[in-house]
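The same chain A turns up in both complexes below, where it pairs with chain B and then with chain C.
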Partner chain A sequence: MSSLRPGNVGIVIVSHSPKIAEGAADMVRQMVGDAVPLAWTGGDVDGGLGTNVAGILEAIETAWSPAGVAILVDLGGAETNSEMAVEMLPEDRRARVLVCNAPVVEGAVIAATESSGGSPLAAVKRSAEEFYA
Partner chain B sequence: MSLDRVARERLVRALAGAVIEHADELTSLDQAIGDGDHGLNMKRGFEAVLATLPGLADKALPDMLKAIGMTLVMKVGGASGPLVGTFFMELGKALPEQPSRADLVAATEKAIEAVKARGRSEAGQKTLLDVLVPVHAVLAEGGDARAIAAEAVQAADRTTPMQAIRGRASFLGERSIGHMDPGSRSASLLIGAAVETLEFEVNT
Partner chain C sequence: MHDANANRAAQTFATLTASAVLVNPVGLHARPSVKLTQLAKGFTAKIEIALATDGPWTDAKSPVKVMRVKAPQGATLHFRIAGPDGEAALAAMLALVHDGFGEA
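For the complex of A and B:
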């Protein structure tokens, strides 16, 4: 589901559809390369469409970087579940994980591009969100 | 209010039963204005809660409520898992082991505030808050079990003419008008089941 490159901000992709999440991750890998820690998760606990907190926590762990993790989400529940997952992280990690208000595919590619240049978490989030502005 | 182990297990079974028996209805409400997974999601969550019995009912009331909330957060999925799960978790954090009615009023208020924060929402936006907030008002005014249960049903009905501002149904804009909010319906079912079980406890 990912490869680890500590140092740059990690990217987590959360979609209701595992296929979309995996596809978006494929696009990041192809367009940005292996310079950023990356993980994806999608689907509910039974494998249907949806998102789940346990899967998001696992993806954050997989993409963990000392520089932090930016999460890209698709619809409503993906965001709410991601925020829930962030609150369940250990205290010292909580402030280093941000949910971005950006389209999941474009946001993931832009965030990863920004991260691959060594930008800090706030800049990665801002770049992804500027796509909307 | 003191709930012994038998009463705690009865409460859990009543909550779960209410949701599981109405799963198809919740799903059809959600098919009208959402993505049609509410009944299935809530059913999965409460089946997971039932699977933690009998050990679940061995816990003191606050710990039992927190455990229910955590199971719902992890199993329900959708936005309902974190919202309903947060309600139970915060209720558990705020309630003492043998709560008075005043404790219940204060704790539900805290839990409702937590749901508002989690959903970045307020009453009036066609969400479960449109049941939780008015039901809390009846509880705070001293309403009995019957009054609380009646308000829960009526409050869910009142979401029908509302336009959704938060949640998936908000994508529909005006087309969300004319359908009951599924999250309000499930909250109403849970409240109905809870007060029925607690009927002889709540005023003591």
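For the complex of A and C:
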């Protein structure tokens, strides 16, 4: 909980609003701690509401872990742009990045909690998606 | 080696039970749920919680399920634990509740 363990699955938060993305990341840091690689991105390239592929790629790079990265998204474009970003990753990394079908704030906290216990990527995704189960 | 591992896996552990009253002001809300789950994940033992001795029992390693218990302040949290490190797990879980999850 106290120190960053690079073996833990990384978490990326993608929202149309940079404030939501940053706020969700704050919640993860406060509630779960620093044991999980974490990055957020939000807004389009002009600073308006939206998402952009370059920002998502950068966030994936920041939160990268050999165990993989789980991406939490809010609406439509956040998901399609995240999928596009995953497609643009080097082939050896592509399979280790998953977009979760979970609410962005709750999913990020739950995914990070799961990751902080050393769970593999599939378990992190499954746990976040339990919110809709 | 394989036989030894198989024997160890087949070995059954006594189920330990204990309870503690939630003393922190907001009960088992989001943040304490995360702490409880993180602590539980550090043990190999199966750890379950319930608000009554007859259940329903909830997997303490599942953050979503633990939050759904929605245990309020003053509620008694029951633990049911079985595994090779069960005793250490039980002591740690009870200590976490007694300490109010570091919030009280």
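One rule holds for everything that comes next: the second predicted complex is superposed on the first by the 128 of 133 C-alpha atoms of A that agree within 3 Å, B and C clash if a C-alpha of one lies under 4 Å from a C-alpha of the other, contacts with A are read in each partner's own complex, and residues count from 1 in each chain.
One rule holds in what follows: a contact is a pair of C-beta atoms (placed from the backbone, for glycine too) under 8 Å apart; a residue touches a chain by one contact, two chains touch by 3 or more.
Just so we're clear, the structure is a prediction, and the values are computed from it rather than from any experiment.
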- Message: Per the contact definition in the header, classify A:84: touching chain B only (first), chain C only (second), both, or neither.
- Response: first
- Task: Using the touch definition from the top, say if A:109 reaches chain B (first), chain C (second), both or neither.
- Result: second
- Task: Classify the contacts of A:75 with the two partner chains as first (chain B alone), second (chain C alone), both, or neither.
- Result: first
- Task: Based on the superposed arrangement, let me know which partner A:38 touches: chain B (first), chain C (second), both, or neither?
- Result: neither
- Message: Quick one: is A:52 in contact with chain B, with chain C, with both, or with neither? Answer first, second, both or neither.
- Response: first
- Message: By the touch definition at the top of the document, which applies to A:12: first (chain B), second (chain C), both, or neither?
- Response: neither
- Message: I'd like to know which partner A:130 touches here: chain B for first, chain C for second, both or neither.
- Response: second
- Query: Shared contact residues on chain A for chain B and chain C?
  - Reply: none
- Which residues of chain A touch chain C in the complex? 1, 30-33, 109-110, 113-114, 116-119, 127, 130-131, 133
- Note on the structure: So, in the complex, the side of chain B touching chain A is made of residues 35, 37, 40-41, 44, 73-75, 77-83, 85-86, 118-119, 167-168
- Query: What part of chain A is in contact with chain B in the complex they form?
  - Reply: 44-46, 48-54, 75-77, 80-81, 83-84
- Message: Considering only the defined contacts, which chain C positions touch chain A in the complex?
- Response: 30-31, 34, 37-38, 41-42, 61-65
